[in-house]
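Right, one structure below, let's go through it.
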Amino acid sequence: METDSVRTSGAKASERSPVIEARKLDLTFQTNDGAVQALRDVNLTINKGDFVSFIGPSGCGKTTFLRVVAALEHPTGGQITVNGMSPDEARRKRAYGYVFQAAGLYPWRTIAKNIKLPLEIMGYSRAQQDEQVARVLKLVDLEGFGEKYPWQLSGGMQQRASIARALAFDAEILLMDEPFGALDEIVRDHLNEQLLALWGRTGKTIGFVTHSIPEAVYLSTKIVVMSPRPGRITDVIESTLPRERPLDIRDTPEFLAIAHRVREGLRAGHAYDD
Amino acid sequence: ADEVKLQLKWVTQAQFAGYYVALDQGFYEEEDLDVTILPGGPDIAPTQVIAGGGADVTIEWMPAALAAREKGLPLVNIAQPFKSSGMMLTCWKDTGIEEPMDLVNRTLGVWFFGNEFPFMSWMSSLGISTDGKAEMGVEVLKQGFNVDPLLQRQADCISTMTYNEYWQVIDAGVSPDELITFKYEDQGVATLEDGIYVLEENLADPEFEDKMVRFVRASMKGWKWAEENPDDAAMIVLDNDETGAQTETHQKRMMGEIAKLTAGSNGALDPADYERTVSTLLTGGSDPVISKEPEGAWTHQISDKALN
Amino acid sequence: MKNAFPVLVVLAAILALWYAAVAPMNIRTALDQAERAGAAVEPAGARERLEVSVWRLMIDNPDHVSEGYALDRPRLPTPVQVGEELWKTTGEMVLKGRALSKRSLIYHAGITLQSTLWGFLLGTTLGILGAVAIVHSRVMDMSVMPWAIISQTIPIVALAPMIIVLSSQLGIEGRGVPKAIISAYLCYFPVLVGMVKGLRAPTASQLDLLRTYNASQRETFFKLRLPASLPYLFTSLKIGIASALVGTIVGELPTGAISGLGARILIGDQFGTPLAIWAALLAAAILAGALVTLLDVLQRVTLKRMGMQT
Amino acid sequence: MNLLIFSVILWCGVWAMNRQIANSPDRDDRAARIFVPVVLGGATLFLWEGLVTGLGVSPVILPAPSDIAATFAASTATLWEDFVQTVLKGALTGYVIGCTAAFVIAVLIDRSSFLTRGLLPIGNFVAALPIVGIAPILVSWFGFDWQSKAAVVVVMVFFPVLVNTVQGLRETDAMQRDLMRTYAAGYLQTLIKLRLPAAMPFVFNGLKIASTLALIGAIVAEYFGSPTRGMGFRISTGVGSLSIDLVWAEIAVAAIVGTLLYGGVSWIEKAVTFWHPSQRR
Amino acid sequence: METDSVRTSGAKASERSPVIEARKLDLTFQTNDGAVQALRDVNLTINKGDFVSFIGPSGCGKTTFLRVVAALEHPTGGQITVNGMSPDEARRKRAYGYVFQAAGLYPWRTIAKNIKLPLEIMGYSRAQQDEQVARVLKLVDLEGFGEKYPWQLSGGMQQRASIARALAFDAEILLMDEPFGALDEIVRDHLNEQLLALWGRTGKTIGFVTHSIPEAVYLSTKIVVMSPRPGRITDVIESTLPRERPLDIRDTPEFLAIAHRVREGLRAGHAYDD
């Protein structure tokens, strides 16, 4: 019932209804040399229309959490619901757009065909496919590269293509794992702006992993700071920044204060004496 | 027409001229038979083929047929176009070999695959062991398909057929005076070669019996024709050679030699020849080819009806 | 193309070595012949010469060395002799308009090719289907894969006669089918192994991507596994066709298949005509080269069209 | 007939059990990995027994496994003699010589890009040849004993190993080579510390292919002439004298030896190339 | 002569003598579909003890320039000398420590053995090798991981191991191609500090490629801004920051001013309208 109301109500109106709810989530990997506890006692609620960033040291379980949400990994304890269903049911309803840490384009498909891949599977018509491809290529500034093969593009361009692929179909939940890792600062700023605009327009719920504190602060409505061994949430920061964010908001004291809090949380997860 | 599948012992050559002639001259057709001739080869055991139902009738040497019979495959000789044996041992004269006992302490090439039985019997009748060079032993090589072991002197003697391998040695430029040969026929250890064999259980079937009567009749007609027209017969064989590798001279010469072996047989098995073969095979000493006198290994049932 | 020159140089070196090897290989036969023809040979008598090394013989009988290059039954023929024999049984036949006669190697190569192609078709089909099953089913993977390896350790020549007997018992006429079965037996294994590798080539993240789209097994197969396996497929097809050819020739050697290149080799051996063996071998080599090259071209074209190779 | 029905049912039962094991969590156990194919093999033998006795197949065409086992047990002396002749003398000698020669030559020609470019296409080509065809020639060159068998094996295994090794030696990636250049490492150092280790997965691929070829080569060569012992000799005379059970006993020896050889090479491969992604799980 | 004096004099004393001198450097790659001009008319002098950062958009030739310096690539025009010699001679004298963009550890060697690789080649004694390995493992915080194989480490740890490998022997010139790309901010800060300390201690000459403006400003005495198609130098900024740099120097106006200049130079290389 609740699910239904969430799905049908408009983006703005339902901003506070929970989309992802994790309760006491545990995930332990069994490996040859013992168990690795990748997630422990993770509690998190993500509401519709939230832009949630995950930040934390290498190996703290950011990717793992995103994978649990997308039903690519199954928790060994606790519960998680997506729109009131299990992640697997949500996956079968094609609720997710996922941008992986590595671009992962299929080398035998051109950029345009790569972007069409999810559309083919989801049964879009030819015309719709072409239309979507044109739209997202423009969004990530790759117009004119549709007919190129992945290896004919630089690493940064490939990453943008994989972002375009995730944006081509209308997934309710967008999960992005360090999408801008391989990009230089200028391109990164540009794509940050584009992403914010898209989010503002569509009201999608976004889960976003990054290593960059300014990026996390600039983009998010909620910042989740994680800490490793075992992977757990150490801080959840609700952003006080307005939804409308010009690039120079990054010089405001408010911004710097949030950034400072994130940095402190992050530093706590490391063990350096200095 | 009734179908008959004939499995030969070896590749298409004048050794089997009678059957090819009968096919080519329409003798089988006259008997209302539709005969398919299956050539043999180094890894084809005619006995196994007939056991598996791949052929109705086969050309085989008697030692192999009797050995198979002992193994539980009841083959019966229904006709014997070859009267005498063409097998011999060919040696270099310059090795000093002059008589059979000179063979001791030598290396000899022998055909296996069921063709080794006459040799084994001969050796054991001479009291020579085949387990390696020794005072009273010989070293045996499994000779391949050609006469190279002799030409290259890897062996002092090799097995040859009067109609085939011997001439290959000669063709290689060796003159007959350089060689000394021991024919099994002369050594008194000859065994019957190229006979016509079928499965015993089939003979009980009158229809099959009738088919075989016609087959033997036509085949013998082919053999007689071949003896009378050796050159034409060789050409017929050549026409039927799928490999295209046989040569006219060789086949014509082979036909000439074959005619000497078939001469004296009207197709019916001479029980005396059979007895001689069996007793040769039984004198195997410690390791005889067959261990007991076979029974029912031949019959005149077919040849009597076919040839009279 | 840039490899053409080195390849030619290496080929020339091989031919030169071959040519040089003819003299020592054939000196004994040459001296035997010369002696029979009445020439004085040092030392006299074939038996005596067996004790002397070929090098000594060549030094002591320099006049007769050249005769080793023109023997009828050489242990090692010269490249020219082999070339001439090949020409006699192919090109000359064509000129005489008897390209498809039984004496023409073209005819025999055709027979061998036919069995090879059937065996290849059968073998690759089996190999690919097996690989698909293995990749999609763990039972198949665990129970079949070890036996596939063991199957290749069984000497096929030992099974050949039984395959012939069994197939004739099943009412299959002619020797073409058993030959194709033997050929397929050798061919399926490299294809199976290569395709298992290929169908498993997609990385975990490539598979995960399709999971997020909730793609079916079918879609995963056609949109990911199959295209990802194509480079492996072509590599294994090239090995597969070579194995199929080996299989056919092995099948023709001992099973009395009366025609085909293998039968030519056998008959060449049986009737002591080494030149026929060498010509048939060379023809087999050319056939193998042509088949592999054909697949290679196909691979380049396909992969290029798929954008997988620069 | 009962045996036939029973063996079919047994076989299906074993398959179902394997299915269970394969989908259970313990499937990656070493025990499971060995157990599953072994019981399947056992069940297949049983099915064979059932088929042969149930359908009354003549033993001169296909003997029952129990007959083969009896013959095997009764002829261990013969089988051992043949094993020594064909495997130890012929196949293994040829395998070792052929693989060593191919490896050494691959390392040598690898120094010259000219030779590599010239030899590799030819090597690829020769590797595709029906090498068994030269068996009669080699037997006539090297005589009847095991030497000619070893020679056939040498020729058969040489090119697969050569081609794989040369390819493996080129398989280092540009950055790994550049690293060596920044250290100004010499040819030998680069070879030993970088290129040989990087080539090992390829070398072993070649060695594995060669291990299945070696036995086939040695056995086929015996068809063209041999002393009166050896697996190929026994198989061909066995067929000729309808001792098919002995033939199958020899086939069993070949399968066991071949599997052990292949397994041994795989085992060494695992130890040497433990670092390669295909060896990790 | 000059070379000799450079090599024997102490680090501080020779600070102003040129180590790397590029004059009118051109490098054109011939590819299937035409020539790519990776470097054009590059003039640059790097003095002994300099810490030079290279920054610029993807594909502007940063890697290529470093490779030319290390004699891994040969220029198609112009001259370059290293300590007065050709780069190739310098390479043969083992002047370089190079950290590649990807870790490039040999998978068949443990981390410790990977670090020993250059030491073995350069003929260090066993004892020296062990000593060096222990030292650099500590430097990059990988104590206790020496016996692990590369794939048993996370991406960031692998990158640190490759840095350790380059620091294990005493190369005069250290060339580092985005060494900290895969690391999170905290580790990055930590390693930045370590690197500065090492540089201060040894007076090595360092060439350093990065995508991060703060990193470039924080570390360098000289920042080279590059621009693509064709790759060329658009700006060379001499840092006015002191050699002694605590982490919070990044909040000083002086720092921000330099960062601003770099950002402007970088932006000029991109073609975004906004």
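We call the chains A, B, C, D and E, going by the order they appear; numbering starts again at 1 in every chain.
FYI, contacts are C-beta pairs under 8 Å (C-beta built on N, C-alpha and C of every residue); 3 or more make two chains touch, one makes a residue touch a chain.
Listed by chain with UniProt protein names: A, E = ABC transporter ATP-binding protein; C, D = ABC transporter permease.
On a predicted model such as this, the values are computed, not experimentally measured, just so you know.
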Chains in simultaneous contact with subunit A and subunit B: C
Maximum inter-chain contact count - chain pair: C-D
Per-chain Cα centre nearest the global Cα centre, belonging to chain: D
Centre-to-centre distance between subunit D (ABC transporter permease) and subunit C (ABC transporter permease) (centres being mean Cα positions), rounded to whole Å: 18
Inter-centroid spacing, subunit C (ABC transporter permease) versus subunit B (mean Cα positions, whole Å): 34
Subunit D (ABC transporter permease)-subunit E separation of Cα centroids, rounded to whole Å: 50
Centroid spacing, where centroids are CA-atom means, of subunit B and subunit D (ABC transporter permease) in whole angstrom: 38
Set of subunit C (ABC transporter permease) residues in contact with two or more other chains: 75, 157, 161, 165-166, 169, 253-254, 269, 310
Contacts with two or more other chains, residues of subunit B listed in rising order: 42-43, 45, 48, 51-52, 144-146, 148, 152
Touching pairs - complete list by chain label: A-C, A-E, B-C, B-D, C-D, D-E
Touching residues on subunit E, where the partner in the complex is subunit A: 56-59, 141, 154-157, 181-187, 190, 193, 211-213, 263, 266-267, 269-270, 272, 274
Parts of subunit D (ABC transporter permease) lying in touch with subunit E, wherever the complex brings them together: 173, 175-176, 178-185, 189, 193-194, 197-198, 200, 273-277, 280
For the subunit E and subunit D (ABC transporter permease) complex, residues of the former touching the latter: 67, 70-72, 91-94, 96-98, 100, 102, 104, 106-108, 117-118, 120-122, 149, 151
Residue numbers on subunit C (ABC transporter permease) that touch subunit B, as the complex places them: 28-29, 32-33, 36, 45-47, 50, 72-73, 75, 101-104, 107-108, 157, 160-161, 164-166, 168-169, 253-259, 263-264, 266-273, 276
Subunit D (ABC transporter permease)-facing residues of subunit C (ABC transporter permease), complex: 2-3, 5-11, 14, 25, 75-76, 137-139, 141-143, 145-147, 149-150, 152-159, 161-162, 165-166, 169, 238-239, 242, 245-246, 249-250, 253-254, 261-262, 265, 269, 274, 277-278, 280-281, 284-285, 288-289, 292
